[in-house]
Amino acid sequence: VSTEAFVISLSCPNRAGIVAAVSTYLFEHRCNILDAQQFDDQSTGHFFMRVVFDRLPDAPQASEIDAGFAPIRAQFGMKQTLRALAERRKIIVAVSKFDHCLADILYRQRIGEIPVEIVGIIANYPRETYSGLDLGAIPFHHLPVSKETKLEQEAAFWATVQGSGAELVVLARYMQVLSDGLAAKLAGRCINIHHSFLPSFKGAAPYNQAHKRGVKLIGATAHYVTAQLDEGPIIAQDVEHISHRDTPEDLIRKGRDIERRVLARALRAHLENRVFLNDSKTVVFG
Amino acid sequence: VSTEAFVISLSCPNRAGIVAAVSTYLFEHRCNILDAQQFDDQSTGHFFMRVVFDRLPDAPQASEIDAGFAPIRAQFGMKQTLRALAERRKIIVAVSKFDHCLADILYRQRIGEIPVEIVGIIANYPRETYSGLDLGAIPFHHLPVSKETKLEQEAAFWATVQGSGAELVVLARYMQVLSDGLAAKLAGRCINIHHSFLPSFKGAAPYNQAHKRGVKLIGATAHYVTAQLDEGPIIAQDVEHISHRDTPEDLIRKGRDIERRVLARALRAHLENRVFLNDSKTVVFG
Amino acid sequence: VSTEAFVISLSCPNRAGIVAAVSTYLFEHRCNILDAQQFDDQSTGHFFMRVVFDRLPDAPQASEIDAGFAPIRAQFGMKQTLRALAERRKIIVAVSKFDHCLADILYRQRIGEIPVEIVGIIANYPRETYSGLDLGAIPFHHLPVSKETKLEQEAAFWATVQGSGAELVVLARYMQVLSDGLAAKLAGRCINIHHSFLPSFKGAAPYNQAHKRGVKLIGATAHYVTAQLDEGPIIAQDVEHISHRDTPEDLIRKGRDIERRVLARALRAHLENRVFLNDSKTVVFG
Amino acid sequence: VSTEAFVISLSCPNRAGIVAAVSTYLFEHRCNILDAQQFDDQSTGHFFMRVVFDRLPDAPQASEIDAGFAPIRAQFGMKQTLRALAERRKIIVAVSKFDHCLADILYRQRIGEIPVEIVGIIANYPRETYSGLDLGAIPFHHLPVSKETKLEQEAAFWATVQGSGAELVVLARYMQVLSDGLAAKLAGRCINIHHSFLPSFKGAAPYNQAHKRGVKLIGATAHYVTAQLDEGPIIAQDVEHISHRDTPEDLIRKGRDIERRVLARALRAHLENRVFLNDSKTVVFG
């Protein structure tokens, strides 16, 4: 896809004429549709659409195209955004002791695989914990937490996010349950990786739970954070086969690979504006 | 999806305005788009679109909608069809000694999973070979074949297809290489299941080839038939892990499951008008 | 593997010398080990072993080999069996309205893929429900069930099993919760296919639960039946990716393929004596 | 598995009594078998066995156990090794421009997932190419290569391997075809990751080949290096589904994840002595 490409994401109550209105508008403003997907959820009546387009040489500026879209937005009651696909998004990564997901995100960022600027790392362990990683000039925020300090720590967490200009927070094995208050502030802009195939094995030590139950597959789940722990809308999941030979330690090792893969997939989908909230679920255009 | 739903499939050279023209036409003819996908192949300049819609109570008949589409078809140089999604398509299934794919298609047809009417079975083995299958009243054509009789047999094959009114021929482990002449007549309307992960292990006895090479995965490939054996546009593929313990017989057994699954997936995609020919490849909307 | 092959399965408390004792015994009785696997569960102290062997020309009869094994059995406190691998086992299949798993088992039996003799079908729907299947001469037992008649029906179920000589009962989408009493009688000799990826979505209508939760994978689980519904030791599981486009009906359709595949895999593993109970889990040699 | 565990790997012509001899020897030398797998390849007559054991408190030293094994080795014509499972093996990693596999190996080594000491990196690009990676004190050998200098470069490559004491060379996307001479010297001790699902798409630019052919799955293959390029014994393979939407660049991106996963799996299997050469194939105990 051209580096000059733009993406429109929109959702609204379903009714006839939405696609016609959007595509006619783009055509009349000298835009060429490269890719489009839509979904009409007949059980909820919600409509979702994602359009990737580039501008013909005589097209208006993207900002004008966006501004001119206002009447359509109003007519259909749309939530709608227009972004340049190549725009680098500012993200903060929160991490605890295990850094395999952080290492993976850093690597993908470095080779240009995901268009992000990492504007901060929040960790409840000190910086030397991650001495094997090249954190470069990324601001590092050591925010240790205990039951007693959780309130203050979360206030600092939120202040850090706000101060950074990040539009997305990635809990890359952060291992702390967010309070309802912080979860509410981050709603829709915070992705967590849970190390189980939800809704199985919610809560602590899911690999131990999986080993105890004797399941034959383990998995990981990337989801948006909500106040209900482990209940947020699921973005991506994957699994791998295991056997009776696998100890809990083997599951943890195998799980690392699944976790980083699933989180990267969810992160990419989010950054490409492929993910839409649909009540307690998501729409993810492939 | 409503049983009253229709599907428009179209392809044409890419240019701006196609989506706007199609969606505006449908909107103005009182149709509601339920699902739409499009793809602009930037390497070939081909554009592909599939739209599922239902008619509002005051909409014209489907035949009128189709007829009125002619100017758009002409304007963009489209190949285009409009079908009722629930319409049962007539198919012929060709089979050789091994009947696992035939058994699977019969079962899926019987429980209503695939909307087809099986208007004939062509086999190079006699009917009693399939005595464990309930063929019901499906016309059975025993067309044995040898090198000497291949010319006549293929003529009979083609006459059978024509006489049956079938719009699709499924080679469900038919195990005969079609001549260029017959392949040409069936181009675009004949799906074959090849028991390897093409392009690996073309030709005969692919499971023996796979065993000899020591691969760790085996697969199957459903593709449209072309004059070039094993080179037709691929519709669906899948694989399973194997190990050194698997004998060629184990691969054949495991392969049966992959073959019937892949063939069913390709057949369903074709019947739902999700598959488009794109030179030597396919576009398959998910 | 030779059709003359035998399989020894054994489990006992772990201690040094088991493998030496077993393999030396077989060597001294003119047997050639073709395949052997063992597992020492260090968390429970249980030891499991499966040995496939064939007899050299001057070896004793299998029955003598088995009889002579008694001292080793006693020495290590083993549960142990010796079977001919090719021996056809008698099974009963129980089914409710949906017959895709039954159809699949019948097909695999017919082509010789699984070495079983189906000595009965128990159904809570009348025989005409399965008119598309060729049940041949298999005794068909219509045992309808309601809350009021459950006690009598289960007695008839059990009498049917006993009368048939079946050593294994396969609940092939039987859709009835067995009472504790019947479950106890069938413990270790009854395999159920559950249409979810346990422990997610226990209980009724798992595909509806999965759709509601918005998971991105659905699965099926084959397990031994225990008094705790959906809690029995898991033998095999598998999953497939789904998307927001999949309706509950799509999940049911996709689920059929997973269910029959997983049940067939578990059934084959059981029949080849690859599965061992290990408290609430299983050991399954690959 | 205990950090005090040892592994015996052996292969020899098949005949009766091998398992009895090995297990009796271990039992008599006060060793406890934790895991054992064997395979009798009936098509080649080769026998393979891997035994993991720990020593009881009064057992001889491992070196004595190994030395005492000589008569059994001689009796059966075995190739046999005995290693401590936790022993860190010395490896050299060779890399070209793309460093995702190198980054992955470095990370797994750092967190202790694979028991290796990386005693050198050989690269045909200068060190600054990998500035995002923390190479620590690992000796870095910049060995640029061109057609004209290939002979000298390979001599330097081989001298570097010999000088390092490495017992394994990992071609982590090294992208150079080794000459027959170098390949011969590295036979059985050099693993390559090929970025296709071999035997499909041998040779250069496999992702472009895959895109052109329109396959629906791409893969990667880890194999031992032999003089026949892309023909060495396969250790591990995996694939992912792709669609018509994936450009060659998308395939390269998706391929990175498959490549590092497959290479890591093969490397782990090799290091745990699970892999045996079996003519042009491998035996890999799971």
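Chains here go by letter, A, B, C and D, matching the order in which they are written, and residues are numbered from 1 within each.
Keep in mind that, in the parts below, a residue touches a chain if its C-beta (ideal position, glycine included) is under 8 Å from a C-beta of that chain, and two chains touch if they have at least 3 such contacts.
Because the structure is predicted, anything quoted here is derived from the model rather than measured.
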item: A-C compared against C-D, more contacting pairs; value: A-C
item: Chain whose average C-alpha position is farthest from subunit A's own; value: C
item: Euclidean distance of C-alpha centroids - subunit A vs subunit C, Å; value: 41
item: Interchain centroid distance [CA atoms averaged], subunit C/subunit D, Å; value: 37
item: Numbers and ranges of subunit B residues touching at least 2 other chains; value: 35, 39, 243, 245, 286
item: Contact footprint of subunit D on subunit C as seen in their complex; value: 15-20, 23-24, 26-28, 30-40, 42, 56, 286
item: Subunit B contact footprint on subunit C (complex, rising order); value: 1, 35, 100, 103, 107, 110-111, 113, 132-134, 243, 245, 247, 253, 256-257, 261, 264, 286
item: Complex contacts: residues of subunit C adjacent to subunit A; value: 39, 41, 197-201, 213-217, 219, 233-239, 243-245, 278, 280-284, 286
